[in-house]
């Protein structure tokens, strides 16, 4: 019996990447809370937080510190293990989704080794994202149920039915993209866009459906019914305090970040730099990686801004409106989009 | 004898699957049962990945953990079932059930004795039968008719559920 | 028949929405164009404690009970301010000055208790106009907030201006633009409304 | 891994499912145990599929035959069967849960012992 044969370099490389991405997710989530407040203020002709540090840039740190030092309350009537499991699940599922996203062009070392800027380029790629998103419902449901509060439970059930309903049009919109690429691998989806142009050109309707569904999946306004303050007090995290509440809130922002990244990858060419042929620049691979990464981040920031912009423009939907929109409007539209895409692809093949 | 990562993972996942399956039938609280069943499905998905059936692993999570179990959880939460409302069987019946199940397991495992157990499953190059491209091709060529029929089954199940669940 | 007040009245349209309308996309775009235009507008708010909005010279803020140059209280508890007050915010109790208190009160009678309920006060300044002794005036300070109703009932101690001899710096600070204010008041002015 | 390991694992899961069906009175839990049994069978099918695939490729390699698409595809039927089992399970759950909800509405219980009213 001898020790396991393990490629330690691979493990080192991947764990560096994983920790980098997790750190990045936390950082972006923190500053999205700041951006949320700033954008809200600007859209309402206000100034927003500007006390902590210059322009208030330390505001998220102050918020985080506050959440950390708040008293941790676990209601007596709650189901304790599940009460703790809820936010943990929400956070885990939010962070897991980032595994299959290609963050930049592969980095080639001097020795000629190729280091992919992607944790796992697995065969089922985007399907994996879907499976994790579908599990993400449990964070909300368990938390809401374990609080033993009828408002929390109502919110949790709303949130779950909303997320399950909007997964359908999201998947259908995605299928049209998969028709075009012929692969579920994220790297191949990006590669196809670099060759043939971004999918947004061919799939504007599909993108809009996907975007609306992403809003619903992240529980963002206009679909933030699980957190409807004025109907359900505070939603599924009503009984939570301190860092558990922080986990729920953070998970929402990480979800926003990851869904922006997924949208950028699926429809906006991922790390592709628009309008130029970057291969002709002859840059070394390190700088290519850096540039393509920042291009992806720019696209993600744009989507995050749109998320915030929508939040401060559109009022919350009513629950029946939400369900009507999902089942009666988006699913037929997504089916139509899928069929048209399939027909056009068949015609072009002939 | 060498121990590979696959073997270690097999044992971990097997123990996890059996433990959580046992917890499903022994938990008093139905919500706990549902959550343990989800854990079972996750470990079975892990087994699928070990058997390089990636597509089935993901479909298992999406369909079972992401849709079916959400439905179960939904129903249990809406009915407000908990430890107190849980109907309990008589202790003797429980014991009889456990013994009957154990006997079944014993008989089935004993019947394995006569089977040649030379067959093994190893990871081989090109063993990508569970990959999405291969399965997809097979599904949409050889099995396209059952596939379409299953979609009709789905539709009828949906209609049936709505009709049953509708209040008169 | 209804009376038409403005030309902006719009007939309510209760037609069922068409499919395109019911996905709300166009209306959402319109709304988003409105909000994005606000991004580039001038901000309506200011950084308050550092920056304050300028107020006019005659703007009326918190009340101050005045002292004369030697630090004696001007108020004689005549009650004219309480009578003049339309919100009935002022209450007072008079007391007679005892021998040896000449350095505290300017005249023989003084206000032993003087309270203004800031929740009732409407900052109209009639008390200032009614006062024959120039004892009360309205400063340029904004009334601060408080957690309890009790905190809004300002006692004499809260209202009195600092002693000009003992605490000259605080006195000058509290005086603020009062010097100019008084100048304006002393000039003969014609009231706008008769 | 020897195939027997997988067989025993799925048998154990299946038996746990059966014990659950025999010992619980909550209709929803019984339903869940049936799902567990289905999953045990699924696991077995996938294991067999992989075994056949491996055996076919190995046999072809041993006999120095060219590895064709058909050989690479051996065993995929098992996985497609699992796929269909999942489809049927999903359909079954929707209808089954609808029935349980209806039953709960009528008798305010999910206890299967009360269900013998169906007899009369």
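For clarity, chains are labelled A, B, C and D in written order, and residue numbers in each chain start from 1.
The rule is short, and it goes like this: a residue touches a chain if its C-beta (ideal position, glycine included) is under 8 Å from a C-beta of that chain, and two chains touch if they have at least 3 such contacts.
In this text the structure is predicted, and so the values were computed from the model without any measurement.
J.: Given the contact rule stated at the top, which pair of chains has the most C-beta pairs in contact?
T.: Per chain pair, the contact count peaks at B-D.
J.: Could you tell me the distance, in whole angstrom, between the mean C-alpha positions of chain B and chain D?
T.: So the centre of chain B lies 6 Å away from the centre of chain D.
J.: Take the average of all CA coordinates in chain B, do the same for chain C, and state the distance between these two points in whole angstrom.
T.: From the centre of chain B to the centre of chain C is 72 Å.
J.: What's the distance between the Cα centroids of chain A and chain C, rounded to whole Å?
T.: Here the centre of chain C sits 51 Å away from the centre of chain A.
J.: So the centre of each chain is just the mean of its C-alpha atoms; given that, what is the distance between chain A and chain D in Å?
T.: Distance between chain centres: 33 Å.
J.: Listing for chain B: what residues touch at least two other chains?
T.: Residues 55, 59, 67, 78, 128.
J.: Of all the residues in chain D, which ones touch at least 2 other chains?
T.: Answer for chain D, listing residues that touch two or more other chains: there are none.
J.: Would you identify the shape of the chain contact graph, picking one of line, ring, star, complete or other?
T.: line
J.: Within the complex, which stretch of chain D touches chain B?
T.: Against chain B, chain D makes touches at 1-9, 11-20, 22-26, 28-29, 31-33, 35-36, 39, 42-43, 46-47, 49-51, 53-55, 57-58, 67, 72-77, 79-80, 82-84, 86-95, 97-102, 104, 109-111, 113.
J.: Residue numbers of chain A touching chain B in their complex, please.
T.: So the residues of chain A in touch with chain B come to 1-2, 4, 6, 79, 82, 122-124, 127-128, 130-131, 133-135, 137-138, 141-142, 145, 153, 156-157, 160-161, 164, 167, 183-184.
J.: Of all residues in chain A, which touch chain C in the complex?
T.: By the definition above, chain A touches chain C via 39, 42-47, 50, 208, 309-310, 312-314, 324-325, 329-330, 333.
J.: Spell out the part of chain B that touches chain A in their complex, as residue ranges.
T.: 1-5, 8, 29, 31-32, 35, 38, 54-55, 58-59, 61-62, 65-67, 70, 73-74, 77-78, 128, 131-133
J.: Help me check something: in the complex, which residues belonging to chain B touch chain D?
T.: 6-7, 10, 14, 17-18, 21-22, 24-25, 30, 33-34, 37, 40-41, 44, 47-48, 50-53, 55-56, 59-60, 63-64, 67-68, 71-72, 75-76, 78-79, 81, 86-89, 93-94, 96-98, 100-102, 104-105, 108-109, 112, 115, 117, 119-122, 124, 126-130, 134-135, 138-139, 143, 146, 150, 153-154, 156-158, 160-162, 164-165
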